[in-house]
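Two complexes, one shared chain (chain A), two partners (chain B, chain C).
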Partner chain A sequence: MATVKGTVRVHFKDGVLDPQGKTIHTALRQMGYDWVSSVRTGRLFEIEIDADDPSRAQDQLREISQKLLANPVIESFHVEVHS
Partner chain B sequence: MRFGVVTFPGSNCDYDAYAALKRVLCAPVEFLWHGDSDLKDVDCVILPGGFSFGDYLRPGAIARFSPVMKSVIRFAETGGLVWGICNGFQVLLEAELIPGAILRNESLRFACQWVRLRVDSNRTPYTRGTRPGDILRMPVAHADGAYYADDETLMDLETSGQVVFRYVNAEGIPDEKSNPNGSRRSIAGISNREGNVLGMMPHPERAVEPILGSEDGLTLFKSLLGTTATGVDSPLRKRVVSDRGV
Partner chain C sequence: MATVKGTVRVHFKDGVLDPQGKTIHTALRQMGYDWVSSVRTGRLFEIEIDADDPSRAQDQLREISQKLLANPVIESFHVEVHS
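And now, the complex of A and B:
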């Protein structure tokens, strides 16, 4: 059995209000970084899985993302498997 | 009617709900444990307010997979009464028993205040003792309370009469100032299509005695107990829909 590392990135869907991102954006502009035109927050999960079949790792991470890590009503996710 | 109040790790309104039922309404009520799947044959399950599992990941996201929730979901799908209040509402949304999701308050502030709720549907067992347009005063206490659903879902909720409560001003009109959290269309509570599952952010269990500032929460409990509609066998004063200043 091999240990496979992966990351899952979860972020708000377009159109879903992200007041934290908006507040960070405002703060950055107040700090003088007026070239920042938008900030959206998200979440990063670093996950290790015991994989019988490393080629299935992508699907396994997708499954847990769909089930728990992301709420499909408001969030999208992106899975990456690191070899 | 027998009630069961679920305690999750981090629930903090379970005793409020229990006390409202036991002490104020003299109704049979038991605690249900998140780790058990036994619903003790109750007729109505209350998922109380609080911060189950520390609100980790998303409010309600972890609680939704508790052993008790398997039974609650089955119970709801077979017509059982399931009432989610505050964190309990978030659990119901995560469990997809009602549509939509809850986001961080638009203000990013914890909203701890009195609100006015307008009843928009009395076609649920929780509101059948009310008339559409009635205004109820109750507290809210949450950091994550902004109801969100996409346009299509909102339209569907509106047309099927699933919007049960909205935040309104003294005139009964939803406006930005009366909306404590940025909920879409000022939605404060919704039901499933059948009406047996109700989720709401405000706290009726904290508005059951004059000393608490309002008794309007009793209206909902009494609707369930069948005392408001018939006016019989209630040891309590008659309901007065108060409209004192917030």
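And now, the complex of A and C:
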């Protein structure tokens, strides 16, 4: 049994409103950072799993992303396994 | 003036409690995913900036990360510029 580390990044799909990103963008411009043209927020999960078969780790992370970490209606996710 | 895209990843520093990650970890185990051994959450920002000098984009993103996106007391951040 090996411990495998992975990262799941969750983003809003294109076209989904991101009010938090909009607020951060407005705040940055008010602070004088007028060269910022767009801010989109997302979520990040650093996950460690006990993998019988490290080659399956990507599938394991995809499964928990689909089931719990991301809302597939409005979000997409990207899984990365660290060697 | 070029538009440069970058990603800022914000993580809790080691030793900082992450109750959201703990809750997600507990939920995953209750769902039967008992091979998950650790979950740490973070935040993700996809940012577009208007850069006079694209080679400065990394510094510009670092500056807004320090000033607004991350809380340097409890969080660290990582900036990546996409070419």
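Operating definition for what follows: the second predicted complex is superposed on the first by the 83 of 83 C-alpha atoms of A that agree within 3 Å, B and C clash if a C-alpha of one lies under 4 Å from a C-alpha of the other, contacts with A are read in each partner's own complex, and residues count from 1 in each chain.
In this section, a contact is a pair of C-beta atoms (placed from the backbone, for glycine too) under 8 Å apart; a residue touches a chain by one contact, two chains touch by 3 or more.
Only a predicted model underlies this, so the values are computations on that prediction, with no experimental measurement involved.
**Student:** Hey, is it chain B or chain C that touches more of chain A?
**Tutor:** The partner with more contacted residues on chain A is C.
**Student:** Taking the superposition as given, does A:I64 touch the first partner, chain B, the second, chain C, both, or neither?
**Tutor:** Only chain C; A:I64 stays clear of chain B.
**Student:** Is A:A2 contacted by the first partner chain B, the second partner chain C, both or neither?
**Tutor:** The answer is neither, since A:A2 touches no partner chain.
**Student:** Looking at A:I74 after the superposition, I want to know if it touches chain B, chain C, both of them or none. Which is it: first, second, both, neither?
**Tutor:** The first partner, chain B, only.
**Student:** On the A-aligned overlay, A:W35 touches which partner chain: chain B = first, chain C = second, or both, or neither?
**Tutor:** Only chain C; A:W35 stays clear of chain B.
**Student:** Which partner does A:L17 reach: the first (chain B), the second (chain C), both, or neither?
**Tutor:** Touch partner of A:L17: chain B, not chain C.
**Student:** Following superposition on chain A, which residues of chain A contact chain B and also contact chain C?
**Tutor:** After superposing on chain A, chain A residues 68-69 contact both chain B and chain C.
**Student:** Could you list, by residue number, the parts of chain C that touch chain A in their complex?
**Tutor:** 3, 9-11, 21, 24, 27-28, 31, 33, 35-51, 60, 63-64, 67-69
**Student:** Sort out for me which residues of chain A touch chain B in the complex.
**Tutor:** Going through chain A, the ones touching chain B are 15-17, 19-20, 23, 68-69, 71, 73-74.
**Student:** Would you pull the chain B residues touching chain A in the complex into a rising list?
**Tutor:** Going through chain B, the ones touching chain A are 57-58, 61, 65, 93-94, 99-101, 103-108, 146, 148-150, 182.
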